[in-house]
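Listed after this line are the structures, all set down as structure tokens.
One chain, subunit A, appears in both complexes that follow, with subunit B as partner in the first and subunit C in the second.
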Partner chain A sequence: MVDTIRAEKGVTASAPSPPHKRQWRRGWLPYVLLIPAVILELLIHIIPMLVGVGISFLQLTEFYLSNWRAAPFAGTSNYRIALNIHGATGQALLHSFTITVLYTVIALAVSWSFGMAAAVFTQRAFRGRGVIRTVFLIPYALPVFASVITWNFMLQRDTGMVNQLLLDLHLVHSRPFWLIGSNSFYSLVVVAIWRSWPFAFLILTAGMQSIPTDLYEAASLDGSGAIGQVRHVTLPLLRPVNRVLLLVLFLWTFNDFSVPFTLFGSAPPSQADIISIHIYENSFVSWNFGTGSAMSVLLLLFLLLVTAIYLAAGRLGGRHA
Partner chain B sequence: MRPTKLSTLAIAAALAAAPLAACSSSGSSGSSSTTHPTLTYWATNQGTSLQADQQVLGPQIAKFTKATGIKVNIQVIPWTTVLNQITAATVSGKGPDVLNIGNTWSPSLQATGALLPFTSSVMSQIGGSSRFLAGSLSATGAPGQPPTAVPLYSLAYALYYNKAQFAAAGISSPPTTWAELIADGVKLKKNGHWPLAIEGGSVAENIHMAFELSQQQGGQFFDSAGKPTFNTPQNVAAVKQMMDFIQTDKLTNPSDAQYSKGTEALVDYATGKTSMVIWQAASGSLKQLGMNSADIGVVPVPLPSPVPAGGKPVTSMVAGINMAVFKNTKNMSAALQFVKFMTSTPEQESLNSTYGSLPTVSAAYSDPAFQTPAVNTFLSILKSSAAPMPPVAKESAFETAVGTAIIHLYADAATGKAVTDSMIGQALASAQQQLGG
Partner chain C sequence: MHEATWFRWARVIVLTLLGLFALTPVYVMLSASLKPLPDVEGAFRWFPSHVTVAPFIDMWQTIPLLRYLENSLVVSTTASVASVLIALLAAYAISRYRFHGRQVFSITILSTQMFPGILFLLPLFVIFVNIGRVTSINLYGSRTGLIITYMTFTLPFAIWMLAAYLDTIPRELDEAAKVDGSGPMGAFIRVVIPAAIPGIVAVLIYAFMTAWSEMLFASVLTNDTTRTLAVGLQGYATQNQVYWNQIMAASLTVSVPIVVGFLLLQRFLVAGMTAGSVK
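And then the complex of A and B:
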């Protein structure tokens, strides 16, 4: 009671503060709490990224590894080497970029479709739905190395389970290669889809929880079947969720290093030469970290461009949502 | 009580400071005290597995700790990542105190300036350079500079063959020429064995073989000025010979193109799946894999007959493991004591007899363990038909570039895409361009 009187007195006794000062006094706490995250983000992400951009303008070879400041300035020559598609390095980078775009688009499309289908089918409660949802999430929850190395064992030509199954089911007459040759691209796509579709499923399931069920009832009363309901109710209302989901999945799949590295080792076949591994190999093959950094900067610019275009397009379309 | 502005600020400051404190440098290699420091030692994978190496090195190094009180933290690094880790340690300045390096990497690592040069004063602290075999000491850096490391294990390539399978196929003696090997292969295949196992997915195994075959053809990968000369007819012929093992001579199972861990081809030989393998001295590993020692036969790698014009009778590169010290170690004298221990005669005898490699100090050869026929074969290979890899600064980049190109060519051969001379030439030219040459 004493507090209430004091509070009342506080309200009447002091003069009303100007509006911006009142807002500042209320608003400083979130910014202060953000300080640790900002500092760590700077230290771990932003500053190393800027250092990487700086390296891309140097000729940082094995002679200067232990003393970067002595490395000669290379201007834009690293970028010219990386972008020169008539040279071996530039050609290989373009090839790797094309493979990665293809891989990302296919993996993204199939992962999203599987995730969407599974989310729709598990939307209404049925017996065992909890178990089904848990089983669906297992690939995403497993540690990358353990799960992908198991795929590596399964895809071995002579001793792997996949070839054994294919032979037993008489689907093939001779054992194909899955880890080298043209099949390696499909192996990588399958493993990537296996790992990322549960994430799409999870996000879409969460997104669907906020769609009111009476909309579905209204739709079915209007005569639309299951597919019609998905088209007219679910998809439009999931648009904001999908916008974020597709962008995140695209960036993660494009940048993926651990899945291809664990599946193929440090020398992936040229048909599955994903760009993150390609840049890593390039830095350590030629020991010219300047070129490797230039490639990384180019990759960063490409992804920023894609993100910017995607978000701009989303905002244009979003005005109608 | 509502939190005051001050206490909230204090909490925020503490939260910000805590991770910074944790991130702060903890000093290199965890030395606990100056009188009894702890050394960090990066060992390479010489045995059949990382654990096997720990079991070999642990008891030996325990003797060192007992004698000097210096503890050693042994980390065994797989071949697939060791060069990258050494590079990362060079860049960051934070690495082990003592480390093993592939002896062929010595010139490249020397160029980074991260390793302690073994000048005569440093050499005298570990017992002097005259103790070492001249051949082993030759692969420790670029000519004209003090060694960047000291030789620890000496190795060479030889042709391992299965005596029992040869006898069963009616082959009286192991092949000395490539033509004989191919003919023997036909007989062995009739008996249901793959004749030759190849570690087709391994950079190191591919590049060593390519170098040896190139020497036999009279080729070279770097000219006398140190400039790369990858795309030459002799080098192409050497790589073509390797591809033909799978595609033309059918000596090798195409699945071998997937073998990348550095152990699978040897395991195939040890378990009797294949009759021959070209490998560095492996008696220790073969014993561990359970191969019957009566079946193990060792002869030099075959030569072409006749040797082409300009070709050299080279059957192996000068292989081996060197031991180096990081220049910015905080435990310099302890590190040198450890190097002295590992290159001491008793340790050289013990470790090399376990691994099946050859000691790098001449005094160790009086031990009867090194007077077996297999050791004599390797010793004579090292003395008369072994050539060192190019001692240039770009050497390890060359190994990775050309070795990786050969992995891709093996994959093409294995999946049925015929590898032609022009494909090989293109691959070698691209590899050379990647080096900036």
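And then the complex of A and C:
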């Protein structure tokens, strides 16, 4: 894919030589080169993660913050509180988790479809293609805090653009609320789609550039129309790209914090109480780090499980295909 | 190639709708930033009653925008440059050497990308507070703490993209430099780095954009003096009166450089991002 794009730009680069011909070098140098990266990874990623697992077994509240080793051991009680669906905390977590899954699935499906439609329709050259591609990338290029605050303005009940548009089109008679109540879920989904579909478009466009045009010509000679070509050529050849793209989009959407935080602040309406905000609120607003950490660990386990199943299913599917 | 008429119409309709969807917030941002205050306090107007640039002047007074801008610039620039330098070293090792732990390192570093940020945030907060208590190194609430954090965030992706990029640079180049009497590091600095400039620039932009937009860690690890734009911009909304025209003016101002930079270099970014999926 890189080679295709570089070739298109007139950059010449020879392909990497096949592995068995490579002159591998050995010695201490690679370890020295990795030291800075390893130190940073340990300090910011690995150690905090282990500490996080540790904290999830402690009764860590604000009183023990500056001396967390004095915090009493809690055993598995944080996990039991988080998983007890009959208790208030567990119920709220389950509610938040369900909403997050629903929001992720809808946003993922629509973002991918929009990205795919846009990529298919801009695959063949036409006048204005360059401009429209640039337009499509703008939502992805804008910093989240700037673009989502604009959505917040648009979704205001009395001064927002969305309600004005609905009134002008006579679709509503009174102004609905978009940032509180049950509508807030739809607002969040729409903004998340607006933000992430350009990324799907970007990756799918790049993926389509590596599909040889004579395959389309062959399909066309066989009598395939535009839809048939997408079904028999584009989709099968995009499989490896889609496999990575869907996983990345899933993880990003599921873990996203910036979009809901900018839209609703640290206290979202319960209909849009996304898991990352929910844990954040539990930890930094209620100052209960133990339960917050237990929830984070459970979230990580869930994501690991989903990723593992997804990759395994992809491998199986690939073998049978 | 022949295109059916329905295909052309479908293309016009779909691309127009998606274009409108993509651009509506941009139009609202731009038009509201040129409106006088009464225009944004009443029902939404599609056009300003009269065009004014006052929001672009007043926005600097309502919140300490200049300080936030400076913080964001210092943090994002330092973090992205440092991250790329460190990633380059690691990418060179991965691309040119086979050593014990190479696979483990690559997989570990990539898998950290999928972990929810909230998982690191709690412990990092506790660690930073405690480091400050035990030593006099103040990481919590300082730019340094945020810089180190952001460096690490962009590191996995930067290493991945740069290693893929270095793989496309022929080994014969470094071999030739070594024949000329350079050591491995000499060849790296004099031959490999210059050949990798486009990849380096793309990763630099990616790292800068990531740091510029990050909110979760910035909202917890900064205080009033070190606040970045991503969190600081919310300050307009907590005033007694919400100056939407100023918020839009400020949003536009801090977005333009990022959007332009991204659009200029998106080709390189895509090349780097998709490099991994073809292997």
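Note that the second predicted complex is superposed on the first by the 280 of 321 C-alpha atoms of A that agree within 3 Å, B and C clash if a C-alpha of one lies under 4 Å from a C-alpha of the other, contacts with A are read in each partner's own complex, and residues count from 1 in each chain.
Keep this in mind: contacts are C-beta pairs under 8 Å (C-beta built on N, C-alpha and C of every residue); 3 or more make two chains touch, one makes a residue touch a chain.
Bear in mind that the values here come from a model prediction, so they are computed numbers and not experimental data.
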{"item": "First (subunit B), second (subunit C), both or neither touched by A:284", "value": "both"}
{"item": "Which of subunit B and subunit C A:33 touches, first, second, both or neither", "value": "both"}
{"item": "Which superposed partner A:117 touches (first subunit B, second subunit C, both, neither)", "value": "second"}
{"item": "Subunit B versus subunit C as contact partner of A:189, first or second or both or neither", "value": "neither"}
{"item": "Contacts of A:158 with subunit B and subunit C, given as first, second, both or neither", "value": "both"}
{"item": "Subunit B versus subunit C as contact partner of A:181, first or second or both or neither", "value": "first"}
{"item": "Which of subunit B and subunit C A:89 touches, first, second, both or neither", "value": "first"}
{"item": "Residues of subunit A touched, compared between subunit B and subunit C (which is higher)", "value": "C"}
{"item": "First, second, both or neither for A:48, with subunit B first and subunit C second", "value": "second"}
{"item": "Which superposed partner A:136 touches (first subunit B, second subunit C, both, neither)", "value": "second"}
{"item": "Common interface residues of subunit A - those touching subunit B in one complex and subunit C in the other", "value": "29, 33, 36, 40, 43, 65-66, 158, 265, 284"}
{"item": "For the subunit A and subunit C complex, residues of the former touching the latter", "value": "1-3, 5-6, 9, 11, 13-17, 22-27, 29-31, 33-34, 36-38, 40-41, 43-49, 51-52, 55, 60, 65-66, 68, 114, 117-118, 121-122, 124, 126, 132, 134-147, 149-151, 153-154, 158-161, 163-164, 194, 197-198, 202-203, 205-207, 210, 216-217, 220, 225-226, 240-241, 243-244, 251, 254-255, 257-258, 261-262, 265, 276, 279-280, 283-284, 289, 292-293, 296-297, 299-300, 303, 307"}
{"item": "Subunit A to subunit B touching residues, read off their complex", "value": "29, 32-33, 35-36, 39-40, 43, 62-63, 65-67, 87-89, 92, 156-158, 177, 179-182, 265-267, 269-270, 281-282, 284-288"}
{"item": "Sites on subunit B touched by subunit A in the complex", "value": "8-9, 12, 15-16, 19-20, 23, 80-81, 83-84, 87, 90-91, 93, 108, 111-114, 201, 203, 253-255, 257-258, 260, 393-394, 396-397, 400-401, 404, 407-408, 411-412, 414-415, 417, 429-431, 433-436"}
{"item": "Subunit A partner contacts - residues on subunit C that touch it in the complex", "value": "1, 3-4, 7, 10-11, 14-15, 18-19, 21-26, 28-29, 32, 40-44, 46, 86-87, 89-90, 92-94, 96-99, 102, 105, 108-109, 112, 114-124, 126-127, 129-130, 133, 148-149, 151-153, 155, 159, 164-165, 167-171, 175, 184-185, 198, 209, 212-216, 219-220, 229-231, 233-234, 237, 244, 247-248, 251-252, 254-255, 258-259, 262-263, 266-267, 270-278"}
